[in-house]
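Can you keep this structure in mind? I'll have questions shortly.
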Amino acid sequence: MTSFIKKRGKKYGLSPGSLVLTGEPKDTKVKVQLIEFDADTLKIKDNASLDECVFSKEHPPVTWINITGIHDIQLVAKIGSHLKLHPLVLEDILSNVQRSKVDNYKDTLYIVMRQLDFNSESEQLKDSQISLILGKDFVVSFLEAETDLFAPVVNRLKVKNSRLRSRGADYLCYALIDCIIDYYFITLANFDEVLDRVEEKLLDRPNPKTIKKILAVKRQILTLRRAIWPTREIISQLQRLESNLISKTTRFYLQDVYDHSIQAIETIESFRDISSSLIEVYVSNLSYKMNEIMKVLTIMATIFVPLTFIASIYGMNFNNIPELQWKYGYFYALFLMLAVGCGMLYYFRRKKWI
Amino acid sequence: MTSFIKKRGKKYGLSPGSLVLTGEPKDTKVKVQLIEFDADTLKIKDNASLDECVFSKEHPPVTWINITGIHDIQLVAKIGSHLKLHPLVLEDILSNVQRSKVDNYKDTLYIVMRQLDFNSESEQLKDSQISLILGKDFVVSFLEAETDLFAPVVNRLKVKNSRLRSRGADYLCYALIDCIIDYYFITLANFDEVLDRVEEKLLDRPNPKTIKKILAVKRQILTLRRAIWPTREIISQLQRLESNLISKTTRFYLQDVYDHSIQAIETIESFRDISSSLIEVYVSNLSYKMNEIMKVLTIMATIFVPLTFIASIYGMNFNNIPELQWKYGYFYALFLMLAVGCGMLYYFRRKKWI
Amino acid sequence: MTSFIKKRGKKYGLSPGSLVLTGEPKDTKVKVQLIEFDADTLKIKDNASLDECVFSKEHPPVTWINITGIHDIQLVAKIGSHLKLHPLVLEDILSNVQRSKVDNYKDTLYIVMRQLDFNSESEQLKDSQISLILGKDFVVSFLEAETDLFAPVVNRLKVKNSRLRSRGADYLCYALIDCIIDYYFITLANFDEVLDRVEEKLLDRPNPKTIKKILAVKRQILTLRRAIWPTREIISQLQRLESNLISKTTRFYLQDVYDHSIQAIETIESFRDISSSLIEVYVSNLSYKMNEIMKVLTIMATIFVPLTFIASIYGMNFNNIPELQWKYGYFYALFLMLAVGCGMLYYFRRKKWI
Amino acid sequence: MTSFIKKRGKKYGLSPGSLVLTGEPKDTKVKVQLIEFDADTLKIKDNASLDECVFSKEHPPVTWINITGIHDIQLVAKIGSHLKLHPLVLEDILSNVQRSKVDNYKDTLYIVMRQLDFNSESEQLKDSQISLILGKDFVVSFLEAETDLFAPVVNRLKVKNSRLRSRGADYLCYALIDCIIDYYFITLANFDEVLDRVEEKLLDRPNPKTIKKILAVKRQILTLRRAIWPTREIISQLQRLESNLISKTTRFYLQDVYDHSIQAIETIESFRDISSSLIEVYVSNLSYKMNEIMKVLTIMATIFVPLTFIASIYGMNFNNIPELQWKYGYFYALFLMLAVGCGMLYYFRRKKWI
Amino acid sequence: MTSFIKKRGKKYGLSPGSLVLTGEPKDTKVKVQLIEFDADTLKIKDNASLDECVFSKEHPPVTWINITGIHDIQLVAKIGSHLKLHPLVLEDILSNVQRSKVDNYKDTLYIVMRQLDFNSESEQLKDSQISLILGKDFVVSFLEAETDLFAPVVNRLKVKNSRLRSRGADYLCYALIDCIIDYYFITLANFDEVLDRVEEKLLDRPNPKTIKKILAVKRQILTLRRAIWPTREIISQLQRLESNLISKTTRFYLQDVYDHSIQAIETIESFRDISSSLIEVYVSNLSYKMNEIMKVLTIMATIFVPLTFIASIYGMNFNNIPELQWKYGYFYALFLMLAVGCGMLYYFRRKKWI
């Protein structure tokens, strides 16, 4: 989270609409994929030129310009100006710390969502930004991370006469949102595995590393929450939007995505509930182990302390200790010790300590 | 919960309306029960054919098609197409992880609810899906689990001139919802038993297994909550619905179910409240036991340590230790020890430790 | 609570409107008290016949039929049919687990409230049901428990020309509700005593029985909450009701009851706040006692362990231990021990342990 | 709080409008102060007669009747009937457990607020009641406690042509409310001191008395909360009131008081937040002290136990123990002990225990 | 916080509109900076005279009077009367404990916000007040702290034909608000560093100082919260304001600031979540260390106690102890001890204690 706040801090003093790359610069090339389709035709071009994009965007059929990578400010700015995007939109696209939201510009809708990737091996959560611009007959998507997130949508586009091909840009936009939210469940499932793993460790081998892990998990849940909670609001806004960019049929489908986003939120809240008891579990387990340790100590001490006392009595050097003269005094002493020891053991067993 | 999130993840990348069985496939046959009734006549046919169902659905009197099992995709798809169900409805019927909801299609209402079964022996919670479709003069019900849940409704149908027989399909649908929610209380009562059992264990024999149990119980409460909370909203939606599928009289009866769903929710919240203090109780009990252990140790150590010290003084080998020469030196030492021991015991009693 | 959920479970599979006694059957006779009054006349008849009740109900002046006991289903059913009560109302009267609510039938209002009795001796909370039916010129009240709850209202009726006598049935109904809610404060005051007692025990003699007590108290608070929270809503509904059964003046008086119900709710919430820290207090107190115990042990062990060590040095059997030959070796050793012991004591005092 | 609930309980069974003194009776005389003013003239009369009050109330200029003490029922009843107060208002004035509220009677507004006094020496919180009645051209105030709370307002009245003198009764009423709420901050500041003191004690000398103190503080915060929370609602009601008793200008000034009441509420919530962690801090501090104690014990035991063991080896009486015969055996043994002791100390230092 | 409540308390008894400096007096001079600009011209004058300000304020182009320091009451009062500010506004400007808010006067808007400065070295949070007055063609800003907060805005003004220069006073006001909120993120980032540092300390070297630190951090979070939460409401009010002081375009930009204020709030809530588990982490870490200590003690005691017991047996002085006569009795005893010691070690290793 530290990094998120620091990035936001970079903006202090800047004019709104300034193009600043808040993320880290990268070496890879920004990829521009151009897809044109209607029910009958489909044209997919990787590494399309900007002119092609502009031409396609302004002519039917439906155009999808899918841009992967936002780290090349100049290029993105050029794309922005070619596609005639508003300066505030361009600023938000480049910022990778934007809160999920919908902005309603006159002819276009600007949607920001977060892509969440959780690697259950490295236990790293990657939170990157996706910007969608929906206009009449076109969709432009900007993905911060290099990812195959939208690959299934591209594949479904290849099926002729599918619903996706027959409907317009709004349905494509819906399909992309659906795709992002469905992917949350994969992320959440991975996260759940780690949660289970932490829980197991807690109960098996509690140690301060586990506490660090719990704190890390809690912070990750906060990040997940911040990313997933606003989606409900976004979809609800899209449904109620006074805009003819979204058809009535598509609004109906959005209800489905709305239900999914609620399920994602409920899952996050369950994670929160569970995580909040983890430190308690840790402490309770330490308490239990402490009890076990103390029992051993107490048993040992309590058995041997009286025995040693007996031995030390007969180790005294008084001239006149009658027992010392007895023939079987030593064995009597040993027997006494045995009796006391067994008595203590019996006592502990009755107390259910052993 | 893990399994639920994983199942949801399966849907990533699929077109909405795709028929996917998110649950596990089973061997048993899907059962189709066809019931036709009005105030005078009643026809019950187990294992009805699809044609019969379709014919009956489209002709008066009231028809109830009760389908048990959703694991045979092909069959369910066929049923769906015969009964002319919308593809999104069919997808939701097959998905067994749908959130409870009401969808208002033009001529039909689609209602999803969760059936909850808690076995107080095995302490397993089974959460399965029930789909209800209410149309003019017909109800179609899909039950994921093989269950006798609706048996009492079938029995009540057998009573001639009963309210259930005299009223229409909407009243039947209400009766089914009422049945599902009344069953929640049986589930909650079973769960309550287990909660009591865990509490007792906590106080009697706290050990890490109990902690695992508490965590399991907490997760089950989260599942119960997720299933039961939305029912209130569903029933309230049904009451306010702008649809003439539900008559005014039936809306009145729904108020009754609404009250019950609130009671179920209140019960769940009570469970949550109680469960949230269980780990605290566990730790407090361990603390108490620790105190008891430490008291024993302290009493033993504190009594014998000074005694042993006295003994070891007279075990020293100095040439000149006057007491050693005394005739009754040994007995004097024993008496000294007795006095010290009794003093300590008196001190402990005053401190109320023994 | 267990019993409440079990009782609710009994209803599964039954037709709505079925008359089932969810409470336990009793031997006592159901009492029917008939009271007729206007500003000038007052007629009180205990053990009135049903015919008298019906006649009175349908003729002026204001009639109050006060029925104590709901355990005789047949009788109550007969009363219900004579008084022409709706079957759903009759079912709710007999059920003793109904949530507090107002139902607006055409000519009558049906109000359910909970009567709470807390015995500060036995520490038992008795939660029973009160049903009020308000019609034009009559009130019918059903009390589950045998109780003198309404005795003060009967007494106030005996005062000629009092407000209660001069106003209509709605004011009587308001007076009964006011009476129920004022009685909550007696219950809450008794409960508060027990809460104080538990707190004291916690601090004086913490032991696992106290934990059981705390858990019991928490469950009772949940029951109180479930009973008292809905009253606010009920009264607010009565105030806003579109019905001419309740006059404008009476609505004004209801505002007063509304304020009281809020005070009752605030009290319950305070109880909840306080009870939620009780386990923490218990643990903290155990921790304190543990510290005290450990201090004693540590002081004893730390003083005597070095002393015993010194003694055991001079108990060694080496041929050549110079000190052993000293004339005052023994006294030197004793002095050494004294010095070490005092040193330790000084150290502990500086640490503020003793 | 106990006393509050008990007082409320006293009202059970009484007719609404009954005059009952719920507080304790006192010996002091009820003081009636009569103040008449407009921009030019000011007349202050302590111990005014009722007739003067009535006369003044019904004639211009603005009249303020300031009554201190409500413990003389007869007198207050007489005042009430002279001033023509509604019976319900009179009941609420006498009850000293009324929740803060505004009641809108036809020609007058009745406002109840709580006066809070916290003595940071005795750590006692005094919660008494203030009733304000605002009519056309007059304000009547009833103060339960003998207090100089309104002295600054009286003083400000003495300034000729001040805003307070120039405006009407509504502005005076606003000034009184402002005064009450500003006084809350003095109360809260005193309370804050005590909170700091408790916190310090917790960290310095934790003992069960501190726990009692924390519980007392928590209950006081609940009382503060119950008194301060409703003020926000009251002022907001006054602002939105459909009544020409309050002029538009005064409504504007009320906004200022509204902001202050929110600040008071925020302060209370901060107190709650802080107080809720106090028990945790207490336990954590005990844990720390326990750790310190255990370290001392462990260090002492762990150093001397092996040493004593060595000594006891050479205290054995075997005929043939070669070391015993060595010339410097004793010194070798001492050296061995020294080495072991230093080794242990080194180990502890490495573990950072000493 | 203590100081804040005390400052608020100072106002008790004062007439609203009284000019009181609630903050501490300072020596520095109040700075008055006058900036006039339109798209073409820009005039910046530090230490402007009041007459210049008044003249400029009442004539186009846009005027910004930026006043740093509010500790000189006379001067500020003079400024206020020259600029014709309402007495309530002047009071709020001088009070440095005002809650963030918007007041809508007829021709001007009065906005109060908090400036937050967190020094991550000294770990001090400085909370000072900023007042903005927006009128037609002018903005007046009062800063309590001497700060360069608005320097970037001044710099951006120097860019000819920038958006800031071309738009009116409302856009300037927006730019200042944006600047304040963007600065929050720098404050939050500094705070986050300290939070991380505390967390690390907790896990490394838990001691009571850390607890004091945690409590301080918690109080600072409460202060941050109180300052940042109301900003959302302020901006939302500005957006919905029925006033032609704010143009439609500027309202659109305010949406951007609104999103940022939500992000700031979310960050604060995350801090709260994290901080609330810090004491738990502290206790859990102490528990862990305690376990470690107890293990060492138990191991040492448990190994040496039986060994010492054996030694003391053979230190007894019975006449007849056969082993003592054995030739290798001593070595047999040593071997026995070794065996027992190793046995114990094996036992501990199996228990995974070492």
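For reference, chains read A, B, C, D and E in written order, and residue numbers begin at 1 within each chain.
Here, contacts are C-beta pairs under 8 Å (C-beta built on N, C-alpha and C of every residue); 3 or more make two chains touch, one makes a residue touch a chain.
In this text the structure is predicted, and so the values were computed from the model without any measurement.
Annotation of chain B and chain C: not jointly contacted by any chain, touch as defined at the top. Listed here as common contacts of chain C and chain E: D.
Chain C and chain D touch with mostly distinct residues; of the residue numbers seen at this interface, under half occur in both copies.
Rotating chain B by 145 degrees superposes its CA atoms on those of chain D, with the angle stated to the nearest 5. Here the CA centre of chain A is 26 Å from the CA centre of chain B. For the pair chain B and chain E, the distance between mean C-alpha positions equals 43 Å.
Each of residues 280, 283, 287, 290, 294, 297, 301, 305, 308, 312, 315-317, 321 in chain A touches at least two other chains. In terms of inter-chain touching, the protein chains here make up one closed cycle, each touching precisely two others.
Traversing the ring of touching chains from chain C and stepping first to chain D, the chains occur in the order C, D, E, A, B. For chain C in complex with chain B, the touching residues are 1-2, 5-6, 8-9, 11-17, 88, 97-99, 101, 103, 206-208, 211-212, 215, 218-219, 222, 226, 276, 279-280, 282-283, 286-287, 289-290, 293-294, 296-297, 300-301, 304-305, 307-308, 311-312, 314-317, 321, 323-330, 333-334, 337.
Note for the complex: chain A touches chain B at residues 151-153, 155-156, 162-164, 175, 178-179, 182-183, 185-186, 188-189, 192-193, 196, 199, 203, 253, 255-256, 259-260, 262-263, 266-267, 270, 273-274, 277, 280-281, 283-285, 287-288, 290-291, 294-295, 297-298, 301-302, 305-306, 308-309, 312-313, 315-322, 353.
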